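Going by the order they are written in, the chains are A, B and C; count residues from 1 in each one.
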Amino acid sequence: MNNSLVTLIGRAMFGPAPLDHTDQAAAIAVACAVVLFAIAVPFASIVTWVERRVWARIQSRVGPNRVGPNGFLQWLADGVKHVCKEDVIPEEADAPLFKLAPYLVVLAFILPWAVMPFSSMLILADLNIGILYMTAITALTVVGVLMAGWSSNNKWSLIGGIRSAAQIISYEIPAGLSIFPAVLMTGTLSMQGLIRAQKWEPYHWFIFANPFCFVAAIILFVSTLAENNRTPFDLPEAESELVAGFATEYSSMRYLFFFMAEWGNMFIAAAILVTLYLGGWQIPRFNWSPALMNLLQFICFLVKVLVLVFVSMWIRGTLPRVRIDQMMSICWKYFVPIGFINMIGTAIWVAFFPHGSRLMEMAMFALALAIVAAFAWRVAYFTRRSRMELYFHPTI
Amino acid sequence: MSTLRTEEMTLNMGPQHPSTHGVLRFVIKADGEVMREAIPDVGYLHRSIEKIAEKVGYHGFMPYTDRVDYVCAMFTNQGWAMACEKLAGIEVPRRGEYCRVIAAEFNRLASHLLTVGLMGMDIGAMTPFLHALREREMINDLIEELCGARLTFNYMRIGGVAWDLPPGWREKALAYLDHLDPILDEFNALFSYNKICIQRLANVAVISAEDAINYNLVGPNLRASGVKWDVRKDIPYSVYPEFDFEIPIGRGEWGTTGDAMDRYMMRIREMVQSSRILRQALTQIPDGPVLAKVVRNFKPPAGECQVRVESARGDQGWYVVSDGSSYPWRVHVRTGSFAAMGIIQKLSRGLMIADLVVLIASLDVIAPEIDR
Amino acid sequence: MGVAAYFRHIKEAVVTIFDGMAVTASHLIRKPYTIQYPDRIPARVQDRLPFRYRGILDVDLEICTGCLACDRACPIDCIAMAIEKNAQTREIIISQFDIDIAKCMYCGLCSEPCPTGAIHHTTEFEGADYSLESLIRRFVVEPVVAYKPKKGPEPDPAVASLLERGMKYVDQWAQPGSDKPPTPKAASSAQTATPQPAKPAANPARMPAKGAAAAAPKPSAAPARKGADGQAVTQSPPAEASVDNREATGEAANPAIDTAGVRQRDKTPAS
């Protein structure tokens, strides 16, 4: 046991921990886990507040604004409320599985934080298979969700659980295929290695390296939406079809666990994309103290991730839900073939341009800017066209 | 390997399911995600409104008609008023008829906005729903100013309407219509023309023209199948012949004629037409009284009559039998939603569970109108 | 599915989602439409509801003629009235006037036939209570003599102001067969499509009527008057605040409501 722990920890290249003291290393690992848990859980909760505010504004509402400044403490109030509620376990439910399922989901949400590259030094374990570990661990969610759906002994829950299993397993494939282009260009699976291969300038991010990477990044983003059961792929908990899907019978803290994991997974999904394609924590080099540099890198990483999290909230506020067969056909007919093309295309690209093509990078960056500009023009068009001053109750 | 034993799953959708639009129940026989059959079970919202009419008299029944179809109560108001007027041979002043048409068409807008919004919610997009409800709130504000209530209007009376248009209301209503048209375009860009929406609605639950007629569908559901039938044009009532408007019919641009997308787009197109009628009505409205002289103790001569109103949910029939006393002897309402429920069982075969939600939303059934 | 259709699907999906996202993004920079109902609003909702709003019923016993028209009109018998006739003085004594708010369906059929507007809907709508019993509004504490319409103008100023408000309420209803416009001409002529901050509004009810009570509509709001009189705006009972604040079209409605009190306070001494 001890030996295997030593081997496991030894492989994981802890930054601060001396490797010859297993006990210390284990203690540090536990401490780090606790700290991460203390970061991850409030983060996932605060995201609920952000989401509700963003969603509300999209829908011409105000959103929660009573608890704390601008409703900022709403997540705390919700958490306390959920903890205080009665924990109902249906009589016909398979109680042990029913109780176990939320913990598995939370496990799948907590474990990936171990390889989260917050900055050049701030990483718990820079595994040399970091990105592989990440994709493997996040897929654990499916076990919890399927377990919840089955053990609830409710037909709606069961349909939700099965939909979830089908969905998460299917979308693992395009997500995996979309990771390959970045891996092909760097030749490493380590999170830090992937980031170090990119530079801080936006046109040196991998997303602009070539057209295949651009498409791969988009597919990766959409696939992670599907893996996290986010709109437009929220079929497992489709409230207008399946009441609440696999979480129908859950209440109290267990229900909270599911949704904390969902929102926390948004962060993880965004972090994967930022690491692979959006330059990670890369900031311009200054001759400042390492602590300050790490702080700036951390902020940079966080901002990028939060922007992506915001986009996924925004998508949730826009799109309807796809049907189960369409969800499958999007995956197998569109994303998987295109994912293979991306992989092969990048491989050929790397063969021809081992150090990347400056011209293509600039062209792709210009294309992205053009898309953003076109988007801004559409936004301005819709804002001008609708005469919102006609609202009869313009009081807030 | 021997074949796996599989069995059908019987699912109970409703009466407290989030997407059954009130208190409806469906017994679904499903094979995984695919339905073998969905059997509708109605009657959870029966309040015996027709029987109440026999006890409260002609004037007193008017507020009850609001409850027949609370989403578009103006049409039930109008149907009842028209039936009583036909029984007693009362002529409504022209300004009264205009007020009725204006109120009813605004109500049609409100009802269709709710329908298209609910379609958004039923296929998982909250935002279109709330945008549609936002527009509906503005119409409710207008109607509230007109008649003092937002849902159960009780605006019409036998012989006309209870209130004239308030001062300044006409301009406000026209300003609202100017606001609505770009909002409809925006709504289309947000939701109707969205690829996911089209994929979810097109070619789902196709009703052929023959089926639509055989199953007695009315209103937008019938027109979406390509049958051009609108009571406002074909059996004109009130002052509708004085307006220039079109009857949109389903053409199947996105899939097959008569699919859910056609039924959905029918509402959007009818809103455009309603807006057209309203503009004309608001500019043409004549001066004069709005209410004919009707005695308080209204006793129509013995006889029976039947009137038809094109409600937001289609051809609404009011059948009244009078025995000459101050209470009607029998009242019957024929509503579009009840007929639409009949076709669900046939259409549901082979659909997915998610499509049943689309089917219900596209037929625009309103539970109180089914059961009355 | 052909190759062309394959790529058309991708193109359509990208373009329409792009457009939809632009719509929602444009809403991120627009104002919310909802209001923060009970507390975070500039004026009470009750004060901003239109005059015709059918809220909880109220009875001004001072001008009730005891004609029982409302009792007869109510389709659900939620009004319980008892009157006695004094044979000598030919006066009508109202000994009971109860309205069961729990039963009432706010249809307005009772206030329609009222000759003086004594029974009328207020803009009050918050009726929650702890028991059904307390929802029965008893308006007659001890038997009162019913109001008798006078030949000339009403001498008692308190009753006159009530009657004025009552008649204004009655005037809102369509008169069978009459060509009479429901409100004074001045009010309708001033209404245009352009926003009008100072608009002709309803006469404030129950305000101390000093001669000009029945004159042309004043550009004022009841709370503004109250403010000018030095009383707290929020203390005005709902029945007094039956003012249509939403007649102004467009966004000017909001500034009009926010500043009406201030602006009116400046003007009142001059007029």
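The working rule: a contact is a pair of C-beta atoms (placed from the backbone, for glycine too) under 8 Å apart; a residue touches a chain by one contact, two chains touch by 3 or more.
Small disclaimer: the values here were computed from a predicted structure and weren't measured.
In terms of the distance between Cα centroids, subunit B is separated most widely from A. Central chain assignment: B. Criterion: smallest distance from chain C-alpha mean to the mean of all protein C-alpha atoms.
Between subunit B and subunit C the centroid-to-centroid distance comes to 29 Å (mean Cα coordinates, whole Å).
Separating the centre of subunit A from that of subunit C, both taken as means of CA atoms, is a distance of 52 Å.
Distance between chain centres (mean CA atoms), subunit A to subunit B: 43 Å. Residue numbers of subunit B whose C-beta contacts span two or more other chains: 127, 131, 134, 141, 175, 186, 189-191, 194, 196. Chain contacts: subunit A has residues 58-61, 317-319, 382, 386, 390-393 touching two or more partner chains. Among the residues of subunit C, those in touch with two or more other chains are 9, 17, 19-20, 22-24, 27, 33, 246, 250. Note for the complex: subunit C touches subunit B at residues 9, 12-13, 16-17, 19-20, 22-24, 27, 33, 49-54, 72-76, 105-109, 112-113, 121, 172-179, 181-183, 187-188, 191-193, 199, 244, 246-247, 249-250. Here subunit B touches subunit A in the complex through residues 9, 11, 17-19, 33, 120-128, 130-131, 134, 138, 141, 175-176, 178-179, 182-183, 185-186, 189-191, 194, 196-197, 199-200, 352-355, 357, going by the rule given at the top.
Touching subunit B in their complex are the following residues of subunit A: 55, 58-61, 155-156, 159, 163, 231-232, 234-235, 238-243, 317-326, 382, 385-387, 390-393.
Of all the residues in subunit C, the ones that touch subunit A in their complex are 6, 9-10, 17-36, 40-42, 246, 250-251, 253-254, 257. By the touch rule above, subunit B contacts subunit C in their complex via residues 56-57, 59-64, 66, 93, 96, 127, 131, 134, 137, 141, 144-149, 152, 154, 157, 159-164, 166-168, 171-172, 174-175, 186, 189-191, 193-196, 198, 287-294, 296.
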